[in-house]
């Protein structure tokens, strides 16, 4: 079976959808030369009308995509750097995401916002290292974060076909991940359906995005000592609450492993919902970035100190089992 | 358009808003409204230059745009009253009305941002048709960077959009001359967009300018900007009636009232024709008001309708028992 | 004692700080005529150089304030409408809030962002009814939300004197609240210090902003049946975790009453932290807006259906006591 | 400034970056850098027109700005290597350097947004001094709405800021002529800002234009914009060396290499003076590299320093036991 990288999976999904549906097009910065690799080969295949390279006008082209979507297109808007999303929170959450509602159902806004490379980039500074997915999950914008090439393909495909705005976060550390796949098996992955990546009986670890792989590694390491179930939600909003509840029915213990800031982040939401509604035999724990936006992005020593680590996960798993 | 046609459109807009203001007073329209009274010639003249399949992006002061484009006054008033029978099922109200049946694709409340949406619509429809898109905004919008970004995109990609700035010289209480360094047209010209300042109180003049810009866009000549000088006779929003805000002096208001576009257009129509039109409009609006007032409120159980495609369920704000 | 309204308290705090410190100035839209009442009388007292009326350029003037702050001023930036904050998330959270850090402590950015009138405004449409405070608490920007005129005065004063960016949310329904005060008692209120507004022994209700008053009313109504402690955090980030823990030590039961969206909102954070670290004798509950941004803001019937209500709080309190 | 002075500044910038690129290759500078090699005359000429107490807002391609304004090469290189001895204690790296001791107030990574920060600084300092602020940005920035908003504010309020656009004809891989409808200077002129396009490869020409604009601002004449045509000889960022990105043709690069500002300035300085300067700079940079490489990494325990005033504590990302 051929090896498919995560970045290549995004590229393949985009190309397949553009071939399948003429209304799909992609816009963004430096996409003619495919700086992020998402658009590799697409300019040659589909031409500049469907691979639309933009000036540095994120607000303008985000709204532009909203308009194109209301006129029947399915834009995929790429942002090079995660903080660019913070420039367009209003355009996405308060405009694109509300037009269908405000029209009383007369229109829909099927835009996909693609973020190839979120989170820490070593050395790239404090402004380039954020993971703002919790913001969009809070504001009610459909949000997915695939962990594997197969899911990158499947979730991007679903996002493009979905009739609402959908954010696709592709974490930086995941882009290079490779997987053996049969191309024929690549298929849309539904929103709101998580996956048990490893079954276990003692504790459920919910791991988000690239951290799924770290969680699996920790689970393997601890295999003799504790049976860890690893749950990958895949989509953050909507979230697979039923899937999580089923896992907690089995284990009764919860640790969330999430690369967002602690306060009001996704991990907090998961802990809160579990505490409200699910079986919990011990206080749950989370392993996240600290409060505040503190990934400095220059000195690795400083940065690693403020990102969730395998060691912290290991400690948290052990602690949650003791209580 | 013939004089009676313009008169009819403008009279409809004027009386529609006057009736709406009554409904604000009676509490039937909870939001209040942003009246466009005094600016009717712009909506009437511009929309007369459009085909039915052309498209409009409106803004917060948008009642005239929808009516001139052909929206049904009854369903529109029901919308302002947030009724389930409104054009947008009461989900738009006065601030965000859209009417896709007549080509009005909505009104972003984010001042200036409708222009980029309009550019995107125009880019899309321009690829396989000769439809044209008009984007309406005020003088306040031209200081919003996102609007200037849309000028750049529209010019670069030659999209069939006509930017229409209704310069009524104030953004809420902010005088345009304290807010705009340079000129409105200069901001478009900087991007290579042809731009003209035009009298906005005479629908014939408006129409002529609009027809030229629309024709140019339709023929593939790209975007234009038209700045219409006009004036709103009412406050920024009906809430202003409850406040004492003095930002326009009375002489200025009087000067502009002397240029009432409806009075001007009335003078061009024979009295008996006018009377017939007035009576028709009054009957129409009586019926519209009745429809709006008597229509049912939306059902709270439908609060999540249209939020997500396919009716994706959302969690309630209360934890399950 | 004179009656002081919440809106007037903001106005008074601003005027007092401008009189006290020449480096304080205010900027925003329609502030010469004091549309929101925050700046009433200030133009006459301090002139147009310190009451700077701006064009509709929120991003521009937000960055402008950052610059003025780095040059030694203490800007207070007013936004008329809550969604305008979504236009400047990047400028506040990724620029203003990071410059001190990125300078290695060479500079500070003491800007106050003032939101007089957040949340639902009947009829104002879907785009004007948000409560985005959880977004800023997540992104690490200091955030306060006073419930009373005294706290409006005290927290705005503290925000202005603080050397970091601080968001001050003043919820629409709170603006008209009046309180008997002795002006001499008005004083800065420290960040991160909550207040037990009513003591109780059976359940802690954490209520945010204007909902403090609704929570007190419900507590009073239920007085014969259950002893409700009402905790007002006052500042959301930093949060008074110690104060909350102390309250839960007493009651062991928790309901959070919060006007933000449920997913990844402040209430979720409070539930999560309590579940992790505090005494909880029963599963906690929250009463919030639903997931997603759904306050339509046109038809009151629809809107009230998606905002947290006293009735819901009552039910939640009873439910949390039963379990 | 005398020819040797310009030569010295430009040579320092050139060699500083060449040494920095070596440190990128050796892994000492983890971030990579955005080299300004080829653009040195702009930084040198503009900063020569400034007083020490004047202020600069830089951008991502900012090494030249800091060095020309007087930053210490050793502490600056240590900053690029993210060391605790760096100007910003390793919290800025190459992307966001500031140096308040020489009046560099930082570099926003948000392209175009430094201009509005600069306008705010200028507004504040302009009220009680005759200090001037320079805002550096690239051709890519002029399509960012926030930058155009800052033009409006600066013009309206006549703030003492000089906007300096280093037009190197590309924003990453994006050719300026596919991104900019109209012209760079036209975008400033639209706001009533005087704007000039000037050769950016000759420091004398740069200096002259800058001195005029700075003098105007200092005298209360308000903002200007200077667009310097220039070229970067390296890739957008050092990562480009690992990619095959063909967006500039070789003839174009060669044409601009023939106008190397450092070679031009070298030709104006006597060989023996040049040799002395070169040797001085090499010694300085040897020492700077040593300092940067040998300086300690920041201590992870200090990760929260400077995050909040007064060292406000933050919760860790792990739940307490």
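Labels for the chains are A, B, C and D, by order of writing; each one numbers its residues from 1.
Just so it is clear, a residue touches a chain if its C-beta (ideal position, glycine included) is under 8 Å from a C-beta of that chain, and two chains touch if they have at least 3 such contacts.
Note that the coordinates shown come from a computational prediction; the quantities given were computed from them, not determined experimentally.
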If a chain touches subunit B and subunit D alike, it appears here: A, C
Relative to subunit B, chain with the most remote C-alpha centre: D
Between subunit A and subunit D, centroid-to-centroid distance (C-alpha), Å: 35
Between subunit A and subunit B, centroid-to-centroid distance (C-alpha), Å: 39
Residues of subunit B whose C-beta touches two or more other chains: 90-92, 96, 108, 110, 143-146, 149, 152, 156, 178-180, 307-308, 314-315, 319
Sequence positions of subunit C contacting 2 or more other chains: 54-55, 57, 59-60, 83, 87, 90, 94-95, 101-102, 125-127, 140, 238, 263, 276-277, 283, 285-286, 291-292, 294, 296
Arrangement of touching chains [line / ring / star / complete / other]: complete
Of subunit D, residues touching subunit C in the complex: 55, 57, 86-92, 96, 98-100, 105-106, 108, 110, 113, 116-125, 127, 145-146, 149-150, 152-153, 156, 305-310, 312, 314-315, 319-320
Subunit A to subunit B touching residues, read off their complex: 49, 54-55, 57, 59-73, 90-91, 94-95, 99-108, 110, 140, 142, 162-164, 191, 238, 241, 276-277
Residues of subunit C that touch subunit A when the two form their complex: 83, 86-87, 89-90, 93-95, 97-98, 101-102, 125-127, 130, 132, 134-135, 137-140, 237-239, 260-261, 263-277, 280, 283-286, 291-294, 296
Touching residues on subunit A, where the partner in the complex is subunit D: 29-30, 32-33, 35, 53-57, 59-60, 83, 87, 122-128, 262-263, 283, 285-292, 294, 296-302, 304-308, 312, 315-316, 319
Subunit A-facing residues of subunit D, complex: 29-32, 82-83, 90-96, 108-112, 140-141, 143-145, 171-174, 178-180, 245-247, 297-304, 307-308, 314-319, 321
